[in-house]
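Structures for review follow.
Across the two complexes that follow, chain A remains constant while its partner is chain B and subsequently chain C.
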Partner chain A sequence: MAEYNFLVVEDSPTMRQLISFSLKRLRGARIVEAGNGVEALKKLSENKFNLIVADINMPLMDGLKLLSIVRKDPNHSQVPVIIVSTEGTEADKEKGMNLGANAYLPKPIQTNELLRTVKELLKIGD
Partner chain B sequence: MEKPESGPDLFKKTREFLEIFRKGEEFTQDLLKENERLRYKIVQLDEEFKALKKGMNDEGHLNELQETLKQLKEEKQALLDRFKEVEAENKDFAEKYVEVEEENNNLANLYVASYQLHSTLDFNEVLRILQEIVINLVGADRFAILILDEVMNELTAVVAEGVEEKRFRKIKVGDGVIGDVAKTGESYFQPDVEGFKPSHELDPIVCIPLKIKDRIIGILAVFSLLEQKSKKLNRVDYELFSMLAGHAATAIFSSKLYSVSERKLSTIQGFIDLLSGKGK
Partner chain C sequence: MSKPENLLKEFVAEAEEIIENLNQNLLAMEATEDKTTVRPDVLNAIFRAAHTLKGMSGMVGLKKVSEISHRLEDMLDNLRMGKLPMSQPVMDTLFKGMELLRGLIESVNAGKGEEADITPMLQQIQQVMSGGPKSPSSAGAEGIDPALLKVLTEYETHRLNENIRLKINLFEFTVRFPLETFDKDLAKLNTKLQSFGEIITTLPSPGMSPEAGIVFKLIIGTKTDLKTLQSQFSQDQLEIRPIGLKMERGRSDESVVPAAPEEDKGSGSIRSITPTVRVDIGKLDTLLNVVGELVLNKAVIGQISKEMSHNQGFTTTGVELQKAYQALDRRVGELQEGLVEIRMIPIGQVFDRLVRVVRKLSRELGKEVDLQISGEETKLDKSMIEEIADPLMHLIRNSLDHGIELKEDRLKAGKPEIGIINLRAIQKGNNVVIEVEDDGLGVDLAKIYKKGLERGLLDKNKEYDQRELINVLFTPGFSTAEEVTEVSGRGVGLDVVAKNISKLSGLVDVETEMGKGTKFSITLPITLVIIKALVVRVGTEIYAIPLNSVSESLMIQSKDIRTVEKREVTRLRDHTLALLRIRDVFHLPATESGEDRLYVIVVGLAEKRIGLVVDAIEGQQEIVIKSLGEFLRDTPGIAGATELGNRKTILVLDVAALIEEATKTHFSEKKNDPDAKKKTGQPAVI
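On to the complex of A and B.
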């Protein structure tokens, strides 16, 4: 069975739990959580991930800064990144996509939409 | 003058002529055989044709064929009907699958929300979690959480997101939509969220009483939703609101009770320490 390592970066424990809870519905999913960008970078140095889900507004280091660092790091530059945010305008979405995000999901997150996006990015069949 | 042929030459020619004649005879024999075979074939075909013609004209046989055709048509129709039934069943299953998926997602939201609400006994932490739930799970942009002062019979805002807290620092029970919900204990949902034009800044689109059984301890009032959230409330929102009405009230009440008891415990401990001389 294939294993998928996910890194969930979100400062809100409620959202972090909800995202992790949703991702756990995928077979072989292993979740690592981080409360901000700095914590996420530490986790990235310790593990290899198949996909990152990151919030934008976080203390210490926001999701966009994390995204730009990840894209410049040769070890993780190819890892798909999904950005989630309460900022749902087209401009916000464009900003995230221009920095190299693979998908942008506005909050409130719909679990099935998140799973569909993850499956698409990782090419996981139903 | 031509020289008469000699005996051996004549003999050779005669043999050649006889050979040609023999081959001609064999060829003729073959032709006769082939002719005979073809004649036989014609007779055979003729008979087959007659039989076929007879069969076609035979009314009984025709009826039989027509009956078979009818049966086949009926079978085809039955198969088509069954196909339609299976197709409808499939559609039904697909719809049910979507419903179950939606229900799973709703349950996940509700589970996470209630789990988080009861994960602490710190009053401020409970309020912060409640705030997170209303923003992240419901998609509210502007909202407020008010606590009921049963002695003064008025509501006090303890959380105000996107609205000035001082504008509704105190709301008397019975005043406006919020006060009315606090009085009746009945949730208020603006039926047309999309077309809603508030006459007052504090006109909510959703106002739910936070209550433990029939005792109201506060109010959650939502004034607007996030831009990207479809301008309507869906089933999960109503379920979240209904869950919040109970769980948020319990979490708020427990945390308040806990902080009071902690304070009392600390005071009693202080007295005990003083009386036993530990406080010196």
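On to the complex of A and C.
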């Protein structure tokens, strides 16, 4: 069975748990969690991932910096990144897309929407 | 949607923690003497708390908590962005809002649901907000470098501008941490920095590796001066660089200056914090040439050092020289790497141009097509980007014109109405692979065979496999288009594409399936200027072979060579490897070496693999490719010239052209065909 390594980067533990919980509904999903951009970088230095879900607004290092570095890192530049954020941060969302995010999902995250996007990006059939 | 059982519990626990933090931060804020100069990081933390609370409560379906935190978040956003001044009513509203949230969460936790009337609170927030959103105080983002702006959040941009406006010293801290501990190291540095001022942003730098660790750049706004910072942080391994011209300006601008020019200066000085400089590529070329010369000088010193230790054994001077050479080697390497890195630009610049072309063409041809792009961040040497644009344009035109079918035909074939062309760039080691893939007709091999026979490019008595037939596509003057179209039937064929790409030391590969589509893959080295090469000898001649196209080298004896269909081949594990004797290619005189030993350098990619037969392998070396000038420019098989450490000029082999030479079908090898010569402009034989 195919295995998918996901990196979930989100500072709120509840949100993180919800995203991870949604992703676990995919067969073969393995999830690594990080609470901010720096933690995510740490995880990226240790593992390879099939997909990253990242919040934009986070302490220490936000999602935009994380995204910019992921896209510049030869080891991870091709990893699809979904950015999630609440409404009202349109300018930052647009920056995220310009920096090479593959998709944007508004919070609150809908499980079905998230799964659909993930499947699309990873080309997983139903 | 099903949720984890304990989600609500989790939520309550986190919400309580957030509110507790909020409370502490608010108290800290109120404790300051002048409430209008709230610490921006504290204010931002409060904003983030409301923001998180809003997101969370929305997810667990707590409408009132969500609504309140949403409004508070809006208010706090205005506060932190300088659009709303801090005042006592604002402070009161924040405290009251927080109390209300605490009450709501408690009642939810007690299983009573959201038990409170939130209307008065909402009205209060509304009133405070209408207290006048003052226009943002900062100059705006005009002066900031777009590259930096791209990664700064709106809030960070605002803070940067505020610091400039308030003439606060800005410093860039550059720090390198080991990969194992950087998260803790950074947190420690953050804590220390916060006692000096505001951390405006933390920017990671690309290129983390176990050896080099990871580099962060932090932009700090502080009232402390450079000297104090340097002494305070002397223990930490970091560089501190002042940004902006604040300090000099502070001296000359003591007098009161009109506000407007001041603003201009503010945004003017920020230019110096931008991490980018525009440089003419010509200047970089010159610099790189100098570095190239330096690489040669280095090789000379290496040579001398080697000879010295060879002739005199281990002398003190010899060992010193060896050490100095190694240090030089490292530094030159860093210099060169740095310069090459500067020349790299994202391939997205070319992709953007192609998008426009596709739009135009699809209109002209009446074919709807969806151009899907990925990997536009992939970087290539600036000069290569310029050179790759035309071949890519041609391949895309080709896909649109010959590949993608008309709408009716697509529907008939059971395909989606809109055709898809995928344009991808992927970095693979020191190469960049660019793919142009369409979901169109695919290459009709039977048609190629027919056309090939008609044009005398194929022999009807011979059998051809798919690869050989596809190679015919790249033969000068070959086109299967039924009629010449506006778009791609201009007499410029894929042969030009292949030729242009081989000039860049690249290779083209084609995969195709009838009815399914075609994929062209172009493999290019990241840079052409300084490359690693294998130095080989044939008789008395020395050649360099770019190492990125070498897969392995073998030592064989002449009995290992067999002749199949008039071509020399040898066994490489389970495969037959076509051989090409460099001696024959360049018509060198035969020499007797006495020893029956030959070296085969296996070059190429994927199935296109051949062995170049040489007399000896001299070693590996970095070389700087120089163009050959007008006279020899289009010499087949030669990509350029280079100098070795011993100051001898040698030729660099053009691997793509040699592969073409070796895999050419018998009939296309008509070197005296005047027509073919005219089309390629190549001298027939050197």
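Heads up, the rule we're going with is that the second predicted complex is superposed on the first by the 119 of 126 C-alpha atoms of A that agree within 3 Å, B and C clash if a C-alpha of one lies under 4 Å from a C-alpha of the other, contacts with A are read in each partner's own complex, and residues count from 1 in each chain.
The rule is simple: a residue touches a chain if its C-beta (ideal position, glycine included) is under 8 Å from a C-beta of that chain, and two chains touch if they have at least 3 such contacts.
Computed from a predicted model, the values in this text were never measured in an experiment.
With the C-alpha superposition on chain A as described, chain C and chain B clash in the combined arrangement. Applying the stated contact rule after C-alpha superposition, one finds that A:14 touches each of chain B and chain C.
Number of chain A residues touched is higher for C, counting chain B against chain C. Of the two partner chains, neither chain B nor chain C is touched by A:26. Contact with both chain B and chain C is seen for A:86 once the two complexes are overlaid on the shared chain. Of the two partner chains, neither chain B nor chain C is touched by A:121.
In the superposition on chain A, contact is made by A:59 with chain C only, not with chain B.
With both structures placed on the common chain, the touch criterion links A:111 to chain B and to chain C. Within the three-chain overlay, chain B meets chain C in a clash at only one of the listed stretches 45-53, 153-161 or 261-269, and that stretch is 153-161. Looking at chain A, you'll find residues 12-15, 17-18, 21, 86, 88-89, 107-112 touch chain B in one structure and chain C in the other. Against chain A, the residues of chain C that register as touching in their complex are 1, 3-4, 7, 10-11, 14, 45, 48, 51-52, 54-56, 58-60, 73-74, 77, 150-154, 179, 182-183, 186-187, 190, 201-208, 214, 374-378, 426-427.
Taken in their complex, chain A has these residues touching chain B: 12-15, 17-18, 21-22, 25, 86, 88-89, 106-112. Only residues 11-15, 17-18, 21, 37-39, 41-42, 44-45, 56-57, 59-62, 64-66, 68-69, 71-74, 77-78, 86, 88-89, 91-92, 95, 98-100, 107-112 of chain A touch chain C when the two sit together in their complex.
In the complex of the two chains, the chain B residues touching chain A come out as 101-102, 104-105, 108-109, 111-113, 115-116, 119, 129, 132-133, 135-139, 226-229.
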